[in-house]
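What follows is a set of structures to go through.
Look for subunit A in each of the two complexes below; its partner is subunit B in the first and subunit C in the second.
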Partner chain A sequence: MRARTTQSWPTDERLIAAERAAAAGPAWLAETRRQGLRIFRDAGVPHAKIEAWKYTGVNGLVGIGFDPHAPAPEVRIPPPPLAGLEDAYRVVFVNGRFAPLLSELDGLAEGVAVVPLTTAAADPPEAVRAHLGRVLDLDGMPFAALNAAFWTEGCLVTLDDGCTLSRPIHLVSIAAGGDAPTMFAPRTLVVFGRGARATIVESHLGTDGAPTFSNAVSEVVAAEGAVVEHYKQVQGCEADFHVGASAVSLGAGASYDGFALTLGGRLVRNETRVTLASPGAECRINGAYAAFGDSHVDNTTLIDHVAAGATSRETFMGVVGDSARGVFQGKTLVRAHAQKTDGHMLHKALLLSSGAEVDAKPELEIYADDVKCSHGATAGKLDETMLFYLLSRGIPRGQARRLLIEAFLAGALDEIRHANVREALRGALMKSIGDATRDLGCD
Partner chain B sequence: METEPKTANELALGDTAYKYGFVTDIESELAPKGLDEDTVRFISAKKDEPDWMLEWRLRAYRHWTTMREPTWQKVNYPPIDYQDAYYYAAPKTKERLNSLDEVDPELLATYEKLGIPLREQEMLAGVAVDAVFDSVSVATTYKGKLEAMGVIFSPISEAVREHPELVRKYLGSVVPYSDNFFATLNAAVFSDGTFAYVPKGVRCPMELSTYFRINATQTGQFERTLIIAEEGSYVSYLEGCTAPMRDENQLHAAVVELVALDDAEIKYSTVQNWYPGDADGRGGIYNFVTKRGACRGRNSKILWTQVETGSAITWKYPSCILQGDGSVGEFYSVAITNNRQQADTGTKMIHIGRNTSSRIISKGISAGHADNTYRGLVRIQPKAEGARNYTRCDSLLIGDACGAHTVPYIETRNASAKVEHEATTSKISEDQLFYCLQRGLPEEEAVSLIVNGFCKEVLQTLPMEFAVEAQKLVGISLEGSVG
Partner chain C sequence: MALLEIEGLRARVEGKEILKGVDLRVEAGAVHAVMGPNGSGKSTLAHVIAGRPGYEVTDGSITFDGRDLLSLGADERARAGVFLAFQYPVEIPGVTNTTFLRHALNAQRAERGEPTLDPIEFVRMLRDKMRSLGVTEELLKRPVNVGFSGGEKKRNEILQMAVLEPRLAVLDETDSGLDIDALKVVADGVNALRSPARGMLLITHYQRVLSYVVPDHVHVFAGGVIVASGDKDLARELEEKGYADFAAADAA
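What follows is the complex of A and B.
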């Protein structure tokens, strides 16, 4: 039964059409598309027997006949910017298509380029040819392979050597649910020159309507000494699916600060892979999630220590209520010769109701001896003593619970280095929790 | 400790660390090589088994032929040819034995050499031993004294004949014959093992112990252990294992089932010292074992302690099914891999009942070119109100060519549960090593001391006699790993 579903999605006609479309583009791009298609065909749709998808089933997604050609409903009013990020450069995509009227790129500093990927691909600068599809290894990433085959539009951000950008670049992808289920595959490539510094914020938002499936891939390349801040917000509607993969490659002494905030969606999977291939590189991957209703939120990460003397830090915190499910799969891989590696990973989850579930798999795979690696994981309910403390001070139960949940997740948000982004995401989080716990009848 | 004469084998292999590598020259009776329904019938007939037992074995065998060998574990070995092995090997005896006096003196000498003097043990207070040699149990000590208290301690083949109602009720109730590839194989061809039954309210007056010895060549050992602790009873059980040094790999696929009823407690300790193979990874035992305990009763408790130093490959997850309200599962493990050894071991704690709690302490030490993986599952089922788990896994790396891995699975489906997991990986602290060296300890002794300190939390849960042996073993296993 399952096998049949998997084979029929996407339909063969669709795959053939994609193959044809691929052949029509530039030759170098056609090859990466064909490769993506080949890998997806070999791997098929993932299922529970595949270790990396043990806790996240996609039958719900496959069961919906998503159509990549469904016309995008028109979105005329720009989405309200994240409070606190009004000053950001903004690039907006609606169902994977560039929406220039909603975007705001005035006053872009010199040395920075933000262009739609199709425009860039037609006359590709070196950065695109050198890096597009090269950062993310598609092996074991069937959805990313599908993205490689199908992407129709995306965003290219390049920063020249030494370029420092103080205003964040905000990439907004709106999944506009129309009359029919829609799928699209956003693609992002960010290339940092030597010593460049910038903040990239990705927002994946949903609007009401038919289900949508956003199958995103972001690749980030940071040359020597670059300082990357890459934050992601996923806030879909009840019927929205989001499977996103981010791959990061860091040069010597480069640092990467990543954060994934997930606040809603039927199924959300954020998969991050960071390769520390040069000595002295440093990465921090953090995240927070609040899952309510029937939501399923999955954060899967791989930190690959290839070079010696690199540092990694990872903290994820989640709150799960109703019959939602939270999944965390973190893996720190220390290859032979990656001596003096310093790695730490932490996942903490709060369960708010009896139907909720949290599955964690924090993994260490270590082949070098002079290392310091550790991980921790906890799951539990709200601390009764803390709750009692607040109640005894006259704070109503609902508000007390909300305060404690917020305080719990705030611990993760504190890891975000960019102050404005931190406050903006905190605002989004508080609002979302406020709404969810009010629905729960906490007041 | 007395110095033992080196056996030809030891000298030939030039490896002095493994002192149990000798072969006993004793005539064996073997089943025809290979595995089919006739092999199963042969074993069952040898054991004089009732029909229901044969039926069960055949069901298992037929199911096994439909199964595929698992590949998810993090170990590598060439494919096993299941037709190229003997599934039954027994030292030839004339008649059934009535007392130790009738045991072949060659066998008694073997156990003496292994430090298990069966005869003296009858005199010394403390441990009742069931000695399993290849496929059969050769001697069980202290039977009389135990029987007086209602404790049944016998080879499982004997229990099948003498206590069929108990065996039938519990055999396969914790590890069903269809459980997994190796457990199913075991169900089809198991030849012997230990059966222990502790009646209601009885505190077993001594440690029960089984000593497993593989001797014959090209054989697999498939023993099956079943321990039942009735309401309010207590039993502590120990097992030890050794095998000769050979260039071939031998398969050891055991199944252990524990059942603890209301307020009962079972303590199960293992010191596993099968031949690990030589420094280049030739030979050694494949130790693919299924061990599972069911805490069926209220407030029952099962405690696993394992010290795994031997075997070319160790692959086992002693688990607890915490069914009864308030039941407790504990798992303490030291796994040491050196040279080319591989270990993928850990536990599963399945919380089903209310207020169940579990504790996991795992210490992995990896040296040489070895790979050591902790793999564990903690699952809190929706009805396990107030469940509690604490897990700590530490890994120590000695040398830059080995690997240490931690793969925990933590599944929480009850909001009132509290689950904590911690893991660390590091190498031996330079400071500690320097401190020891500077006080005149040789490097190997210093490493042994530090590693013993690292494992202390686990070793101290072992019964005293075993703890001493285990401490020595920790030092011996790591010989040649430094410098």
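What follows is the complex of A and C.
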């Protein structure tokens, strides 16, 4: 039997040091850092009795004792770009630190700024002071609070009114495993001016080595009529932890097309909160995941309909094999003034083995009386009849399974509006499934 | 040795014995028709040959081209040259017909040590085969069998057979549910694939299809066994008298 430990994480010394560091920075920033610390101290590390963390335990994470000051191994070669996204602007971070030599920002269009967040914070433009830490409500978000307190570097993207960016911006965060477990807190702020249009792709990747913990926060603000495409790929190594929060605020008539593709990691939680505070906004948050081995993948979303006449669409699909676990918690909140809300949510899971598990909790909370909302969730096995049909044509079993899994997840991937990103992520998915040498997590 | 040799085959489905000692030899170059009433077990025979899960062979043997077919998995049987045209072709949303066919052909080519075809080469090869079967390009782009009419599904089965060029084709009630025009197209497709190197097993409830695909041998299936065998005239006799006499003979 293992003794229960009452170790605190992060250690008190670490928290005090963070507090001191916060005080040394600019006053406005110090306040957001202190607020983060306060909220984290009050809430503590989440446990199973907290509803939002009922299905996702973090004891494994806490037990590792991640250290933000563990030395990061050097990464000299940039990871290959996603096939089809070679033309994207690239901003690369290694263990949370900006890596200018791996980045590629040549020919950045007029009206767009991409700068390291520390540079921006030293002499903050209006966008930073107005929005950094203001989009995401830290209530019930202990890890995001920790990020607010601890982040050391990040990325600021601003788009002027009416600016259209034809090439995607690819933000690549590499979790480089070194000799000791290391943690870092990437921070991203993207501000869209009125009618601005751009595609932001986040890739959170891992390299072999000691475990890493990437505790990420992204905030996206879209002014009236902006068109936002915001896609995320999480593909860590077996020992990597990723807890990421994305908060999105949409102005009137703005649209948001979001997708989260999770292909690997010991524990991954993608938590997305979208606030539809103005009429006529459109929000689409979709995602797909493939979890094998001991992997734990959690997608938690909150779509908050505050204003009337907004629409939301949400489709998540997952494939879970071996003894992996998938968690989906989707909540659509329709406040009293949000009449004529149109909201649909769907989660579908494919279980490949008897040891695999999926917990789905779709929720509608509606206070308006003239709305059109629905939700659904299904979980099932690979269809034996389909499998036999493919086998009967000579397609080997492993390949037949991959075809059916790809076909299943295509139901979510097809929702991605940006064609090149859609194919790039599909390629990453197929390569990931194709790389699996084991019999794809099946019994 | 015949291409396919079935001896004393007994099989169960969900604990119930359906095949009760089937003996059948199909030579290369021959078309054998297996006729019988509903529930006689003739479709079970087709599925046991193809290796469908849930069909438990309790006795007897199936030898294909000198190999013990029952020791092979369904995909291995297909790559060895066995093809089953399904009575109810399966819909697979999300997989296009072209992708499906290319994966199938390339798996079989790889087994034979032949180079696999890239998508462009594959479509070029496919075009000729499609034209004669009246399969449109549009049908190839759609997900496998999804939204296909009954006739389109059956034509799609024959197209797969034409692409895969099996040594043994088992057609499970491919004629059922087709109007006369669709039946002719399917029958023409089957006839075009008759070859001295290929054996065919045509499983049907009706004599009608045998006017278009004239068999070399006809077997009557009843109560899980073959109760009579003959040439094409046996089919005509069946059409006149019905299955009742044969079923009674089996019961007696």
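Just so it is clear, the second predicted complex is superposed on the first by the 429 of 443 C-alpha atoms of A that agree within 3 Å, B and C clash if a C-alpha of one lies under 4 Å from a C-alpha of the other, contacts with A are read in each partner's own complex, and residues count from 1 in each chain.
The rule is simple: contacts are C-beta pairs under 8 Å (C-beta built on N, C-alpha and C of every residue); 3 or more make two chains touch, one makes a residue touch a chain.
On a predicted model such as this, the values are computed, not experimentally measured, just so you know.
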**Request:** Based on the superposed arrangement around subunit A, label subunit B with subunit C as either clash or fit.
**Result:** fit
**Request:** Would you check which partner chain A:Glu51 touches, where first means subunit B only, second means subunit C only, and both and neither mean what they say?
**Result:** first
**Request:** Considering only the touch criterion stated at the top, classify A:Thr119 as touching first (subunit B), second (subunit C), both, or neither.
**Result:** neither
**Request:** Applying the touch criterion given at the start, work out whether A:Glu357 contacts subunit B, subunit C, both or neither, answering first, second, both or neither.
**Result:** first
**Prompt:** Which partner does A:Ala368 reach: the first (subunit B), the second (subunit C), both, or neither?
**Reply:** first
**Request:** Between subunit B and subunit C, point out the one touching more subunit A residues.
**Result:** B
**Asked** Touching A:Thr164 in the superposition: subunit B (first), subunit C (second), both, neither?
**Response** neither
**Request:** Give one of first, second, both or neither to describe whether A:Ala336 is in contact with subunit B, with subunit C, with both, or with none.
**Result:** first
**Request:** Would you check which partner chain A:Arg393 touches, where first means subunit B only, second means subunit C only, and both and neither mean what they say?
**Result:** second
**Complete:** Three-chain overlay: angle at subunit A's Cα centre between subunit B and subunit C, nearest 10 degrees, stands at 80
**Request:** Compute the least Cα distance separating subunit B from subunit C in the superposition and give it as a whole number of Å.
**Result:** 15
**Prompt:** Across the two complexes, what residues of subunit A are contacted by subunit B and by subunit C?
**Reply:** none
**subunit A residues within the subunit C interface of the complex** = 384-386, 388-397, 399-400, 403-404, 406-408, 410-411
**Asked** Contact residues on subunit B for subunit A in the complex?
**Response** 72, 382, 395, 397-427
**Request:** Enumerate the contact residues on subunit A facing subunit B in the complex.
**Result:** 51, 336-337, 339, 349, 351-381
**Item:** subunit C to subunit A touching residues, read off their complex
**Value:** 50-53, 73-75, 78-79, 83-84, 86, 89-90, 92-95, 99-100, 103-104, 107-108, 111, 143-144, 160, 164
